[in-house]
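Each in structure tokens, the structures are laid out below.
Note that subunit A is present in both complexes that follow, paired respectively with subunit B and with subunit C.
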Partner chain A sequence: MSILQALDIGLAVLVLAVAAWTIFAREAFAAVVAFVAYGLLLSLVWVRLFAVDVALTEAAIGSGVTGVLLIGAAGRLRQAKKSAASEQPSKPLRVWAFVLCVLVTLALAVVVLSLPDPAPTLAPEAAQNLAGTGLGNPITGVLLAFRSFDTMLEKVVLVLAVVGVWSLASDRYWGGAPGTSRSAEPEGTRALLAQLLPPLGILIGVHIVWVGADEPGGAFQGGAILAAMWMITMMARLTEMPPISSVWLRLALISGPAVFVAIGVAGIAMAGGFFAYPAGFAKPLILFIEGFMTLSIAVTLPILVGGPPQRLPRR
Partner chain B sequence: MSAATLAGLIGAALVGLGLYGLITNPQPMRKILAFNLVGSGVFLLFGIIARRGAAAGFVADPVPQAMVITGIVVAFSASALAVALVLRLYEVSGGVTLQSDAAEGPTANKADA
Partner chain C sequence: MTLVLDIFSIIAICAGTFFFFAGTVGLLRFPDSLSRLHALTKADNVGLGLIVLGLLPLTESLLASLKLVATWALIQLASATTAQLIARALRRSGQVP
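What follows is the complex of A and B.
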């Protein structure tokens, strides 16, 4: 067994052990912390699958931003009444659930071990058509050219999630801001971190969006890093969430999908098809869309983490 | 066994593990975590299919990989909405339980925060 194989098996054991901890840990807070560690370990598995773009997304959004969301919620729920003993499923039910889950796992494992050879693939088609887009990263090509409709709808899902979260606000807070307000005395250590990190973080975020055309990276990963920088300054109470009635906030939230749809519709007249790019203009148009998508993602993620408004609107 | 096959088997185990948590754990927050485990297990199954589809000079088929990136963002959106619902439930009822109102008493959830 080579060293790499031993590392792979060690990583697999570690991922499964931490995943099991998120399910079986007694405290919800411990389970959430384990989930963050799990996400980071999982991104190493993605690197081993030669999916660096996915690894970046998993680390930034799957582990990072989701982690902030869940840790915040678990912290607020610590005072919640413990669930009644009657809610615990009975032993026979747990045994049946265990048997069912083992069967599901075994069935999937059989599928994994008996996948067809040679494997079906769209890689040759992607390789053939990538030159026409002027991009070097095939994943950005799939996301913003070959299957751009999916990516646009995913942006719409983000906006719908914001609508859903905001609609949970109490009537009197409608138009107010989520989260805690900016304080005259920011939190010491966190404030220092929030002043040191963003200059670097913003640079790295923008760089990752820019190189995404040719190297691993793109609007999702870069946007998530920019979102993290904004969240750090809010956690240190150097800045605060804007009120949800802010026109600028709402424009930033919808700018990504709106620009995407506008260019998609323009494609009907300019290039003879919905979401078609005119020949020779594909790359500049894709970068233009990615710019607005990055803005939307960088604003949407912290807004989703912030939850519904909790402060009275200023009148 | 290749790294890709091993990752596929991890994915299979994660789906089972997450499904077990989803069924047996009564706390909504833990169900959200379990739901995310199932999701990431399914993503890993996409990962092995992508890796096996390496061709034409690419180390993996980019189409399933791009779908996973979309999937991770959608899973986050769903989690954010679910967490907001749980927190709202806590705000309104002072507890976090999925049991029906009848079991708790008919007036427990009337008062709005």
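What follows is the complex of A and C.
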């Protein structure tokens, strides 16, 4: 057994142990911390599987943004806990939940183990036709050329998620802003980080989107980094959430899917097919779409973390 | 020359690993939260710095070396901030005088 194999087995054991910790942790906050560690370890697993694009997404979205969302949720649950303490599920209900979870896990295991070996793959076809898109990164080719419709629908799902969060707003706050007001004093330590990090973070985010055409990276990973920079400045109270009635905010939210659909529909007239790119223009069009998608993602994620509006709208 | 650089790399990385080890022991053994935090942040910063130092001669280009140093600097910034925030949260919750 080589050293790398031993390290891989160690990594796998560690991932399983942290996953178990996430489930068995008594407190919501401890479970979230374990979940973030789990996500970071999982991105190392993806690196070892030579899937750097997936590793970047897992670290940025699966661990980073989801971690912030869950910490916020755990904080809100803690405030609500006093009233919910009597609502512990009964023992039979918990046993049933356990049995159902085990059944789902077993079913998943059976499905995965019964997959044909070698697994059916379209990878050779994708690699063969990649030259037609002018891209160097096959992942970006699949996401934005071969399966662009799926990617567009993913972005629509993000907008639907924002609609879902906003629909939790109470009537009097509708049109107001989420989060705390900027009038509160900025917090020293966080303010320092929020002033030092964003210049570099914005550069790295844009860089990751730009190199995504030819190397691991892309709109989702870069957009998540840009979103993180905006979130840091808001957590330090240097900036505040815009009111949800703001027109530029709504335009930014839908710009990604809107531009994507517009170019997809234009494909019918220009290239003879829904979501077809005219020959020779694939790469510039894909970069154009990715630009707006990055904007959408960078705005959507902080808005999801911000939650429903909690301040009265300005009249 | 390569031999000297390789020996330098090995010594620096081993020293860095030792600092991580010491930090982990401190995290597990120290009695209170503030000393545990101290063990973690100090050991990690020096340990990671030594590992980056040891990796520098092994990089293929100047850009790759700069990226390594930038990674170290960003982690310094993040861990210093996090340590401050955790310490402040501890103080606010009344666990530390």
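Heads up, the rule we're going with is that the second predicted complex is superposed on the first by the 274 of 315 C-alpha atoms of A that agree within 3 Å, B and C clash if a C-alpha of one lies under 4 Å from a C-alpha of the other, contacts with A are read in each partner's own complex, and residues count from 1 in each chain.
Rule of thumb we're sticking to: contacts are C-beta pairs under 8 Å (C-beta built on N, C-alpha and C of every residue); 3 or more make two chains touch, one makes a residue touch a chain.
Because the structure is predicted, anything quoted here is derived from the model rather than measured.
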Greater subunit A contact set [subunit C / subunit B] = B
Examine A:Ala51 and indicate which partner it touches, taking first as subunit B and second as subunit C; both and neither are also allowed.
-> first
Kindly classify A:Leu192 by the partners it touches after superposition: subunit B alone (first), subunit C alone (second), both, or neither?
-> second
Where does A:Gly141 make contact in the superposed view: on subunit B (first), on subunit C (second), on both, or on neither?
-> first
Examine A:Leu200 and indicate which partner it touches, taking first as subunit B and second as subunit C; both and neither are also allowed.
-> second
After lining up the shared chain so the two structures overlap, which partner does A:Pro89 touch, if you call subunit B first and subunit C second: first, second, both or neither?
-> first
Regarding the shared-chain residue A:Pro124, is it in contact with subunit B (first), subunit C (second), both, or neither?
-> first
Who does A:Pro308 touch here: subunit B (first), subunit C (second), both, or neither?
-> first
Can you list the residues of subunit A that meet both subunit B and subunit C?
-> none
As the complex stands, subunit C meets subunit A at residues 70, 74, 77-78, 81, 84-85, 88
Note which residues of subunit A are touching subunit B in the complex, please.
-> 4-5, 8-9, 12, 15-16, 19-20, 22-23, 28, 31-32, 35, 38-39, 42, 45-46, 48-51, 53-54, 57-58, 61-62, 65-66, 69-70, 73-74, 76-77, 80-81, 83-84, 86-89, 93-94, 97-98, 100-102, 104-106, 108-109, 111-113, 115, 119-124, 126-128, 138-139, 141-143, 146-147, 150-151, 154, 157-158, 160-161, 164-165, 168, 170, 218, 220, 297, 301, 304-305, 307-308
Can you name the residues of subunit B that touch subunit A in the complex?
-> 1, 3-21, 23-27, 29-30, 32-34, 36-37, 40, 43-45, 47-63, 65-70, 72-81, 83-88, 90, 94-99, 103, 112-113
Quick one: in the complex, what on subunit A touches subunit C?
-> 189-190, 192-193, 196-197, 200
